[in-house]
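There are structures below to look over.
What follows is chain A paired twice: with chain B in the first complex and chain C in the second.
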Partner chain A sequence: MGRLLPLFGFLALFALLGFGIWWNLDHETNEIPSPLIGRHAPEFTLPLLDNAQKSISEQSLRGQPYLLNVFASWCVACEEEHPVLTKYAPQLGVKLIGYNYKDQPDDAKRWLARFGNPYAITIADLPGSVAIDFGVYAAPESFLVDANGVIRYKRIGPFTAQIIEKELKPMIAKLSSGATP
Partner chain B sequence: MRLCLTLLLLALVLCCTSAQAIDPLPFKDRTEELRFQLLTKQLRCPLCQNESLADSQAGVAKDLRQKVFAMMQAGQSDEQIKTFLTDRYSNFVLYDPPLQGGTLLLWFGPLAALVAGGFALLLIVRRRARQTVVSSTTAPEEDW
Partner chain C sequence: MIPELGQFALILALLLAIAQCILPIVGAALQNRALMAVARPAVAGQAIFVVLAFAILTYAFLTQDFSVAYVAQNSNSLLPWYYRFSAVWGAHEGSLLLWLLILNIWTVAVAAFSRKLPQDFISRVLGVMGFISLGFLLFTLLTSNPFARALPVPLDGNDLNPVLQDPGLIMHPPMLYTGYVGFSVAFAFAIAALLGGELDTRWVRWARPWTNIAWAFLTLGIALGSWWAYYVLGWGGWWFWDPVENASFMPWLVGTALIHSQAVTEKRGSFRAWTLLLAIFAFSLSLLGTFLVRSGVLTSVHAFASDPKRGLFILIFLGSVVGGSLLIYAIRAPKVAGGKMFAAVSRETLVLINNLLFVVAAAMVLIGTLYPLIGDALDVGRISVGPPYFGFMFTLLMLPVAMLVPFGPFFRWGKADFSASLRALRPALILAAIASVAAAVIGNGMPIKGIAGIAAALWICGGTLLYAAQRWHQQPAGRRYTPEMLGMLLAHFGIGVFLAGVLVTEATSIEKDLRMTPNEAVTIGAMTFRFDGVVHTKGPNYSADEGTISILRDDKIVGTLKPQKRQYARGSQIQTQSAIDPGLTRDIYVALGESVGGDGAWAVRVYIKPFVRWIWLGALFMMFGGFVAATDRRFRTLPEPPLAEVTKPASPIIIVEANA
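So, the complex of A and B:
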């Protein structure tokens, strides 16, 4: 029994490392839990990407749920996520709003022209100051906001088909079943 | 030659100290600059989590440094600035997180590991001590 002890120790260590690998398969290692979930989306007024003269406020978006997708032309993972979002956007049942983060408007427009534009509206935050209020620290990030303006879900990192099916769609279904916070 | 070397070293040291601030901010005096550096060293960059806000080159860290600076200019206290950041980025941005339910393991985990390790060591030493007493009378069959 005593001689087997090192083996058990090794197995325990092996199990721990294995768990680490398994866990990291579908968790972003640098993911920070957002304290904003269950709270009102921060107040903002931001210009539209394709018409800087016009702007949109958080207030004016209330009344129907929306998915706010933080993207930028400099963001490599966004390129990966974009076709997935474009494919799923029509079947989600919520408005998809683009949030162009710290990006030159011309670069962003070119990027959307090249990869397609799934967004109903795109707002632009060139200095990234409103993004701080949203707790954004990288792109892509996405926020699901309900009709009352409350953030219900946040995704850090790119959406994949699997995550949309497993996480986003059930969250959206919960919104429409009338569960008000 | 020696003087040359000393001067070179001195120049290097001076260079390094003045290069500490990544992006030059218009501090009104040295006290404010020191307060800023001390505060940003206690804050963790949310993107590159092994770097402090003071050291990180990430875009978001730069924006947050600007924000911290602006809040200092507006007369906010260190506590207010920390609360502002934790409200948005959670306690992850603090290098010294508060003691609460979720951080119990973080605070007492190392101590628990030390106690468990010490206990295991004690058990092993005791057993070995007993074995040596026994084996000194009977010849050891294997030695490992």
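So, the complex of A and C:
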């Protein structure tokens, strides 16, 4: 009996690894479920990028869904994402809000002038303090917030055409079909 | 045309591997000399074709043949020639080919240096190694062809992952794989012994030098990887308990247990079944590491691109190799008893403790590594355990090892005298105690960890030197330090050096994350660090922001460090290149963070790491120990077969019955 023990131990390990392969067929291993999903977007009041005198609050955005896109002029991956976002912004059916993260306003304005501005509104978080509440740890990141102010979807890293088609659009469709609890 | 020849060479190697695997094993079972004689030519032929395939892939990299998809993905016209060379094993397909190449080199070495061994035994060994090679050749050809063409042919390549563009990474994979794959020799010897029913202890003597060499290479490979992580990743750590690191560490732990248990089995005949099992485990864990790195089941910083098909293939292969060998073990294993009796206080007992602790440590690392998967399987969510778990458990398990190591050589086989050994070790104990008190008093607030490091180093290194001195006095000139003895002393000494490095560094490192404007200076201890600003420079295939930090002592510049942040031409990844002023007693380590604010200020990390080099120095001692021990001439002389073996019946079935 004792001699069979190593074999049984290995069979258990083998089953676990087999499960791992099967599980990975339809799960993303590096996806870290954000604890914010299903919760209210954090309260904030932030100035607009092009007019620092005016500011906008989380409260005032409620009523319709929006996609919050965290970007910065110093962020290389944002440059990659930007043309994709610009192309898809009109088709999404939700308001696209730019969230300028830890950036000098002049740099950000120049950057938008150069690469185009797909955002309905752009807010600026120079110290990055609100971003902490959002759990942002790198740009680009995006949050889909529904009409009630609840975060429904989060994307870490740049959007690609494929991810917009496969992940973002279905999520938006779900929002508008009223599948929200 | 040339790349297709590479693929063709792999197919021919596959056919020879099939021959190498089946014919000699069948021949050994039937005692057919003609079939057994196939083994060596098949080994040589296979090796020639694998070398050819590897050379062809290397040639494609050197000549920038971007029509080969693998080359296009991992090279670039701007890539310097030496990185084009190492880019061959920079990603999944090519590194598999490197695996195969190294396996073939080991097999050729075994075939060449085994002329004195019985023909049926070596035929089985080469057959088992042929089976392993067969699996990896099939894996390469079916799921990971490095010679596949890219259509349309790209104008330029994607470039090698910037993290891998580093001299440390040129040598790390070959050394690591040499270690990993080297355990296949001990494995093949064990399986051959089980298949043939030759469960006396001769196979262990033949296997020992091979195991030691594999272990030494693995030690070097892991140390190189750790050293690379330290200076490239930019946060000054040297071990992260990342799944891929763990994948290389588990075979090392079991391998360490194996080299000790092999010594007992060879000299005293004890632990026979255990040694067989450890030989199977060590190589199984090497295969498991391959699975973990290439299947995408676990997330890791340096996992290869994942593909479920590949995962499935390796899993099936893993199942047949490990499951098959454990099944043979279950049928054939001898009873654990056997060999000479030993008392509770004896060298055997110490090795047994060593074995238990190292195997439990490997199991602990395995569970920790697979934890996220276990979480998924039990549907409690994906939870990872991090450095706190590993650090705590590992310290707990290795504490007794550190305390017992110096006793090892002093204890005699069979029955040892504890109080005499302790008397002999007393100077080391007193020295360690005095040094701890001194460190606590002078060290002004030195944490307990650092004191423990100093004490452990003096206890282990001192105890090892005391034994060396005792041998000098008690043994005649020619017999004082046989290579086997010397290797053990070197490796044990290395443990002390390693522990001093780890514990003192962790206890006394100074780490400052600073925001510095040009010409700003900060004083840490006796040294002043002045930030002289950042300039833009260019390398062959990257542009970089290069900071300059001057180190001043008494207002005189004693050193200049130039850390960089590199942006490679292809790909958006930014790569930190820390600058280090190395020293035996301390490293000064500077890394450049991000530009903050408009006034030319940058985030700068300044670390002072005392004794950090001792970590790798200790590993080098261990590595040398492994190599030196392997050169012992005793391993190259054949033991006389026991009398009973000479009249052994041809059928090995007897053994099974005897143990049933």
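Following the convention adopted for this analysis, the second predicted complex is superposed on the first by the 149 of 181 C-alpha atoms of A that agree within 3 Å, B and C clash if a C-alpha of one lies under 4 Å from a C-alpha of the other, contacts with A are read in each partner's own complex, and residues count from 1 in each chain.
Following the convention adopted for this analysis, contacts are C-beta pairs under 8 Å (C-beta built on N, C-alpha and C of every residue); 3 or more make two chains touch, one makes a residue touch a chain.
The shown structure was predicted, so the numbers you read here are calculated from the model rather than taken from an experiment.
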Practice prompt. Based on the superposed arrangement, let me know which partner A:113 touches: chain B (first), chain C (second), both, or neither?
Written response: neither
Discussion item. So in the superposed three-chain picture, is A:10 touching just chain B, just chain C, both, or none of them (first/second/both/neither)?
Written reply: second
Fill in: Contacts of A:18 with chain B and chain C, given as first, second, both or neither
second
Worksheet item: For chain A, which side has the bigger count of touched residues, chain B or chain C?
Response: C
Worksheet item: Taking the superposition as given, does A:80 touch the first partner, chain B, the second, chain C, both, or neither?
Response: second
Worksheet item: Just chain B (first), just chain C (second), both, or neither: which does A:104 touch?
Response: second
Discussion item. Let me test your reading of the model: by the given contact rule, A:36 touches which partner, first (chain B), second (chain C), both or neither?
Written reply: first
Response to the item:
Intersected contact list for chain A, partners chain B and chain C 30
Worksheet item: Quick one: in the complex, what on chain A touches chain B?
Response: 30, 32-36, 102, 127-129, 131-138
Worksheet item: Which part of chain B faces chain A closely enough to touch in the complex?
Response: 46-49, 58-60, 63-64, 67, 86-90, 92
Fill in: Residues on chain C engaged by chain A in the complex (per definition of touch)
273, 277, 280-281, 284, 288, 291, 295-299, 306, 308, 311-312, 315, 318-319, 322-323, 326-327, 329-330, 333, 370, 373-374, 376-377, 567, 572, 574, 594-595, 598
Worksheet item: Okay, in this complex, where on chain A does chain C touch?
Response: 3-4, 6-7, 10-11, 13-14, 16-21, 23-25, 27, 29-30, 74, 76-77, 79-80, 104
